[in-house]
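Both complexes below contain chain A, partnered by chain B and then by chain C.
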Partner chain A sequence: MDPWVEIGLQLGVPLLVLLATYGIGSAVERRHFRLLRMREIRSRSMPVATILEVPPGWEVTGSALVTGSCVVSLDYFKRFVAGLRLLFGGRLASYETLLDRARREALLRMKERAHEAGYRAIIGVRLETSQIAPNGRRDGRTAGVEVLASGTALRLGR
Partner chain B sequence: MLLSTTETVPGKTIREFYGVVTGSTVRAKHIGKDIMAGLKNIVGGELKGYTELLQEARQEALERMVAQAQSVGANAVVNVRFSTSNITQGAAELFAYGTAVRVE
Partner chain C sequence: MSFDPRLPRDDVNVSKTHPLAEAWWLVVGAAAAGLVLTVVALALSDAAVRWLPPSLEARLFGGLVEAGAAEPPDHARAAAARDVLARLSSHWPENPYELQLSVLDSDTPNAFALPGGSVVVTRGLLDQAESENELAFVLGHEIGHFAGRHHLQAIGRALALSLTLSAVFGSVGADAVPRLTSDLASKGYARRQERAADRFGLGLVEREYGHVAGADRFFARLPDAKARFGDRAVAWFVTHPVTEQRIAALHRFAQERGWRESGPLTPLAPLDPRAPAAVP
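Take a look at the complex of A and B:
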């Protein structure tokens, strides 16, 4: 085979995958952020706090443990870019937005679940982040991250 | 069984402490879900299969904690915390713990 064709194939395929995942990954992320903003506006009426005590004056008629979680992963392109970044150090913007997405999603899921069950506020909120191995073949290159939000939902009397 | 992440069950008073109760489960990934997650890993975004898997496992850890609390005679668990650890490639431990109490 012509060596140029071979080089083209060797380099071209990963490059194509990179470009394609860049497009798809960015589109998925933009859509997710748009949805997050909409849902956040919709659920704004429910107070969520990390305080451990019920604010004075609130009449609590019931409570329950509520959780919300989300596992997200970077796309191939961003993982590649992040890999380069690791050589030079500095801010890994792609991981920042990834964690931001996961955290907001987990919080929203917790709020939405509490709201559906008739609760009107959540206190004692905790956020936990843990790394989940996305596939067994590669080690140490895990991009999958789980964020768990937990809290105590309150049913309020009037 | 009342569960809360705060120091007491809101609106109730703690009458008796029974100490720490725990519940845990170790889960390996499902092969089908893993292949899907592997594909999803290329384009990024949420790995729904994993979210569900972990949620289900965490529920089981909670149930085990509740069972332990019941066996010591508690009617509530306060200060519930979760922790997740990757113990080996492809498996994770989901752990829930809290303080068993009797509230009124």
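Take a look at the complex of A and C:
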């Protein structure tokens, strides 16, 4: 094979995959941000707070542990950009949107679950992040990240 | 206590830079860094090769010579080839190497120079040679690689490139970068080395025989070899300059030096001991 054809293939194919995954990834991301905003507006009336004590004046008739979690992974484009970022340092911008989406999604899932079960507020909210390694190996590569939101849901008397 | 139902802001944690712009500048930066690293690594490797004494080279790579000479397949012309090699290297007085020749059991006509002073020729090359002059040029070419220390430069460059570039790009999963860069860096370089070795070898042939007739026969018969041996012979073309250009360059060089391009060819021992010597 002509060496230039070979070089063209070796650089061209990854470039095509990069552009394709960027196109798909950013379309999915825009749609997700739109949906997040809609659901946040819808569930806005439910108080969610990190305080550990029930605020004075609230009449609590019941409580339960509620959780919501979201597991996210990188697309090819984000992984590529992040890989180059490792050479120079700086903000891992391609991960920031991803984790922002995961946090908001986890909080929303927790709120929606609490709302369905008849709770009207959540206190003591915590966010936790854990890395999921592929095949349990620790070779620096990430299969995904889980964001877990948990809190105490309160049923309020009138 | 009142609760302010605020929506989360969706810009705090998100950079303003466009992802494609970020990717572009990262790629440009990495390419620039890779280029600088490549140039530095190659310069360091070439300097190291220049300062490596042949005695240390023989000690470092002595294993290669022994491995190559461990079981030499016997060939009717192996002794003649060793004799030609010794006579040719006598025309290179400052030769610091103890040259040794071994025969590789392969049909494809080819020859290699290994670090430490080992010349390897294939059985196919010895089978095909029509005259001693033709074989002498191939051996002279390999001696030319030793004279230019090309064999070490090639190894040093490949090693330096793969070490430095893999250290940087391998860690981020861009494994294709070192492979491509060393491909690009070595191809043009290899051709320059081949031309230099050609000229050196031709000079040895001229000093040995008083003319350079028959030296280009090996190249002239290559298309024939390709027809006979198929794709196995094609590999030879990848690092070596295009055959016709190479033959033309040999003739030009001989003319520049005023070397005679015709003269009696020395026959080689017949492949079958019972047959009469082939007279070309």
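The criterion applied here is as follows: the second predicted complex is superposed on the first by the 152 of 158 C-alpha atoms of A that agree within 3 Å, B and C clash if a C-alpha of one lies under 4 Å from a C-alpha of the other, contacts with A are read in each partner's own complex, and residues count from 1 in each chain.
FYI, contacts are C-beta pairs under 8 Å (C-beta built on N, C-alpha and C of every residue); 3 or more make two chains touch, one makes a residue touch a chain.
Given the structure is predicted, the values throughout are model-derived calculations rather than measurements.
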Fit-or-clash call for chain B and chain C when the two complexes are aligned on chain A: fit
Angle at chain A between chain B and chain C, C-alpha centres, nearest 10 degrees: 110
First, second, both or neither for A:148, with chain B first and chain C second: first
First, second, both or neither for A:61, with chain B first and chain C second: first
Chain B versus chain C as contact partner of A:105, first or second or both or neither: first
Touched partner set for A:7, first chain B, second chain C, both or neither: second
Smallest distance from any CA atom of chain C to any CA atom of chain B, in Å, after fitting: 14
Chain A positions touched by chain B in one structure and by chain C in the second: none
Chain A contact footprint on chain B (complex, rising order): 2-7, 9-11, 34, 37-38, 40-48, 50-51, 54-55, 58, 62, 80-86, 89-90, 92
Interface residues, chain C side, partner chain A - complex: 1, 3, 5, 7-8, 10, 13-15, 17, 19-20, 22-23, 26-27, 29-30, 33, 168, 171-174, 176, 179-180, 183-184, 187, 238
Touch list for chain A against partner chain B, complex: 17, 21, 24-25, 28-29, 32, 52-54, 60-65, 67, 69-76, 78, 98, 105, 123-126, 128, 130-136, 139, 143-144, 146, 148, 150-152, 154
In the complex, chain A residues that touch chain C: 3, 7, 10-11, 14, 18, 22, 26, 33, 36-37, 40-41, 44-45, 47, 49, 55-57, 77, 79-81, 83-88, 91, 93-94, 96-97, 99-100, 104, 107, 121
